[in-house]
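One chain, chain A, appears in both complexes that follow, with chain B as partner in the first and chain C in the second.
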Partner chain A sequence: MSISIEHVSKWFGRFQALADVNFDIGNGELVALLGPSGSGKTTLLRIIAGLESPDEGMILHEGKNVTWESARQRNVGFVFQHYALFRHMTVFENVAFGLRVRRRPSKEIRERVDELISLVRLESMAYRYPWQLSGGQRQRVALARALASEPRVLLLDEPFGALDAKVRHELRRWLRRIHDQTHVTSVFVTHDQDEAFEVSDRVVVMNKGRIEQIGTPREIVEQPANPFVLDFVGNVNVFPASVSLGQAVSKGITFRVPEYPHAEPRDITVYIRSHELRIDRNGIDEHAIAARILRIHPAGSVARVALIHSATGKELIVDLTPAEIHELHLQEGDDVYVSPKRLKVFIPDYEI
Partner chain B sequence: MSANHASLSSSIRQDPWWARAIMILLAIGFLTWLVLIPVVFVFVSAWSNGASSYVASLLEDEETRSSILLTLMVAPVAVVLNVLFGLAAAWAIARFRFRGRAIVIAMIDLPFAVSPVVAGLSLLLIFGQNGFLGPWLHERGWQVVFAFPGILLATCFVTLPFVARELIPLMESIGDEEELAAVSLGASPFQMFWRVTVPNIKWGILYGAILCNARAMGEFGAVSVVSGRIPGETETMPLRVERLFQDYDSPGSFAVASVLTLLALVTLGIKIALERQTRADLARHQRMADQGESA
Partner chain C sequence: MLRRARTALPGFRLSLGVTIFYLAVLVLIPLGACIIKAASLPFDRFWAAVSSDRAQAAYIFTLVSSFVAAIASTLIGSLIAWVLVRYEFPLKRVFDSIVDIPFALPTAVAGLVYSSLYAENGWLGQFLVPLGIKAAYTRLAVVLVLTFIGFPFVVRAIQPVLEDLDKDMEEAAFMLGANRWQIAFRVLLPSLLPAMMTGFALAFARGLGEYGSVVFVSGNMPFKTEIAPVLIVSRLESFEYAEATAIAVVLLSISMSMLVLINLLERWSSRHVG
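Then we have the complex of A and B:
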């Protein structure tokens, strides 16, 4: 089912949680709402669910205005951040709840619940209580419960936030698989960019109750619309600089920016993502930044190198592959040269 | 943390033996002389003239019989009203943020602070013959004071906080997420209440009701003022005990007192059993919350 969010605003007292939010979700899409805490993403999700009502604007399902319909009428499945399983019910009864309150025949309930419990691979746990399950198992029960009454939309609030890293990774892939099997239109809230990029078809980046950018994970990573998105979706090195004649100068560091050939100096900010910097033993040109390696953190598939600009003391972060580190024989304390592979310039009228 | 614990308990063990002995003797001494001996004495006195006289003083006295009946009628009705009020108050306070919420919380505790006699008097001022609402009620033939409704009102007043006090912290700690989940799964408000809310708080309701019942059966001061103490009509068991005692009918007085005490002991037994149950429940919820955070 397609969903349209039109001019939705919401206040909590004097705090504006959502400010004129507009976007559409296509039928069968899996969309992530990504943003820092307080960005309004959970409020928006609750408004889509009907657990909260907007102060302004409309929610449309398949073009039909459902703004004033209750959660019960909208038939949405909602997975809560802390699962909110019914603690006095077994796994089976938790999953059956949505069918029991709709007074479905008990034979149908049994079949449907058995089917869902095997979908989430909890057959051996059906008669356990929530307190006897691990966090990941509870999350799967919550998902099965939300899917039981065949909702037209599945909404998940920070679905993996309370789980440890390994379980989180497993469940992410698994959620994607479930989505591909059921094709239910899904929206989930997260503050974790990796989670948003790995699982979703499209990502909505939110900040301070507004949408900063909507796009596929690839669009967001490769063409961030503004400094907020750029900063939020990756580690960036920020250089406030003055630009003129195709050169941006920031405290003795010079970058080539041919797109600004004008003579009049102008204040800009240069952003370089940590994986878009390279390290060389010898300066490749006169603009390479001379720096000393402070620390090397191996972090799985990337190693994060922290350096200090020898002339000004500015800290730089560079992500390399372990192979590159090995090839260059990089050691802490080495003097090296850093140069950008790619950089992005914004006239600083945005706040980060 | 565990090291702290160990050092704490070992420092307790290092207290001089005589200090521990004095504390234990003091505690046991107070309990023995103030609680155990009087309670035992009630039963000893009640049975001192033999079993037949005990049964006779309970069953053959028309007015005593009526006082037992009246108490057994007032207490359950008061408990039901108290549960209804407690649920409504706890729901409002735990689930909504509204203006004057703090005042409502303070007001719920008021009956514990006010002397029951004062409570009774204030009811007289409202519902009595010359009271605020008294004449209006009298015209319509409704007798409140010196009758069952007055006794019920007084009992409700003094027991008001029991269920609410029990439920407010319980409902706040459980939170509203399960209720929201029920709504999102299509439950009507009624279904949400019976299938999700009530099972989560049922032990709390029962515990509050038990305490409320004990207090309702034992209430003396407030009921004494509003009931008019008409023997055989508006005299409850505690009032009967006192009247028999004043009339030098010690065996009768102690017989009724022993029944009251027995009811109290039964209540105590149920209360202990319920506490075990709620503790087990709480521990399980706690374990679930802990796992939820760490897992």
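Then we have the complex of A and C:
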């Protein structure tokens, strides 16, 4: 089912949690709401669910205004960060709850619940209580429970936030598979950009109650709309600089900015992603930044190198592959040269 | 022998010693003395003392009135706990402390106040008695005053559990399409049941032992409104000490078995809530 969010605003006292939020979610889409804490993403999810009502604006389901309909009428499944399972019920009864309160015949309930329990691969746990399950198992029960009454929309509030890293990764892929099987329109909230990019079709980046950018994971990574998105979705080195005649100067570090050939100087910020910097033993040109390696820490398929600019003490972060580190024989304490492969500047009132 | 286990908390032996000493002096020795005194009676006199019609009537009245009062306390106490935890209103703190008054008030005062309020010429009694509601010197009076004394136990047993209860769980039920009644009876009530049973057990045990207030409100009519503790006192007044302790032993064993039973029930229900 398609969902439209139109001009939604919400205040908590004087704090504006959402400011005129607009976007559409297509039928069968899996959308991530991504943002730092306090960005309004959970509030927006709760408004879509009907757990909160907006102060302004409306929520449409397939063009029909449901802003004032209860959760029951909307038929929305909701998965909570801390599972919110019923502690006094077995896995089976938890999953059956939504059907029991709708007074479905017991034969139908049994079949549907068995089907869902096998979908989440918890057949052997059906008669256990929640406290006998691990975190990952509990979250799977919560998901089965939310899907039981065949909701037309599935909403997940930081569904993997309380789980440890390995289980989190498993469940992400698994959520994607479940979505591809059921095709239920889904929205999930996360503050973890990897999670948003790995699982979703589209990502809505939020900040301070506003939408900063909407796009596919690839669009957001490759064409961030503004400094906030760029900073939030990747590890970025930030250089406040002054630009004129195609050169930006930031405390003795010079970058080439051919996009700004004018003579009139302007204050700008230069952003360079950590994987868009390179390290060389020798300076490749006069703009290479002389720096000393502080720390090298391996993080799986990339190794993160922290350096310090020798002249100013500014810290730089560069991501290399372990092979590159090996090739260059990089060691902590080495003096090297850093240069940008690619950089991005946002010049106020000036489109590049 | 106790081997010195490595533990971060010091003073295990000292605190265990104090605990045992305390239990012995305050609980075990008096109870033991009571049983020994009762055992000094030959069996036929013991049996006569504990099984007289008057004694039987007193046991039953004590049990029934405490039970009814404990149920009333559980209902009223749960409601009060709910209101105190879930809603914000002016003077909430004041109401919260008023709940403790029955803990602190000498129960004789409660008994006096109740009996004078509900007596035929009392403030409330003058309206209620003509309507046929006699809430002084009757069985109703006993239940009323025991409820007054019992409900704070229920409130204090439920309050912390209710405060801890996940708001998420209610929201989850709501999202799954449950209406308010279904949320209350299928989600909240089962989660609160162990705490309610604890409160019930405390209120019930308190009712069994209550003396001070009941003496004033019940009228102490043998076979009608005489509770077992009052019967014990009346035996003492006629210098039948052994008979008095015999009844006390019966009362003691009734309370003990009730508590064991309720403990088992509590354990069973908390196993199912986790």
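Quick note on the criterion: the second predicted complex is superposed on the first by the 347 of 352 C-alpha atoms of A that agree within 3 Å, B and C clash if a C-alpha of one lies under 4 Å from a C-alpha of the other, contacts with A are read in each partner's own complex, and residues count from 1 in each chain.
The working rule: a residue touches a chain if its C-beta (ideal position, glycine included) is under 8 Å from a C-beta of that chain, and two chains touch if they have at least 3 such contacts.
Here the structure is a predicted model, which means the values were calculated and not measured.
Asks: Clash or fit: what happens to chain B and chain C when chain A is overlaid?
Replies: On the superposed model, which is not a single observed complex, chain B and chain C clash.
Asks: Going by the contact rule set out at the top, does A:149 touch chain B (first), chain C (second), both, or neither?
Replies: both
Asks: Identify the partner contact of A:86: answer first if only chain B is touched, second if only chain C is, both if each is, neither if none is.
Replies: In the superposed model, A:86 contacts both chain B and chain C.
Asks: Applying the touch criterion given at the start, work out whether A:249 contacts chain B, chain C, both or neither, answering first, second, both or neither.
Replies: A:249: touches no partner chain.
Asks: Just to be sure I read the superposition right, which of the two partners does A:135 touch: chain B = first, chain C = second, or both, or neither?
Replies: First partner only, chain B.
Asks: Going by the contact rule set out at the top, does A:76 touch chain B (first), chain C (second), both, or neither?
Replies: both
Asks: Of the two partner chains, chain B (first) and chain C (second), which one does A:164 touch, if any: first, second, both, or neither?
Replies: A:164: touches chain B, not chain C.
Asks: Both chain B and chain C contact which residues of chain A?
Replies: 49-51, 71-72, 75-78, 80, 82-88, 97-98, 100-102, 130-131, 145-146, 148-149
Asks: Per the contact definition, I'd like the list of chain C residues that touch chain A in the complex.
Replies: Spelled out, the residues of chain C in touch with chain A are 166, 168-169, 171-179, 182, 186-187, 190-191, 193, 272-274.
Asks: Show which residues of chain B lie in contact with chain A when the two form their complex.
Replies: Residues 177-178, 180-188, 191, 195-196, 199-200, 284-285, 287-288, 291-295.
Asks: Where on chain A does chain C make contact in their complex?
Replies: Residues of chain A touching chain C: 49-51, 71-72, 75-78, 80, 82-89, 97-98, 100-102, 129-132, 142, 145-146, 148-149.
Asks: Would you pull the chain A residues touching chain B in the complex into a rising list?
Replies: That would be residues 49-51, 70-72, 75-78, 80, 82-88, 97-98, 100-102, 130-131, 134-136, 138, 145-146, 148-149, 162-164, 167 of chain A.
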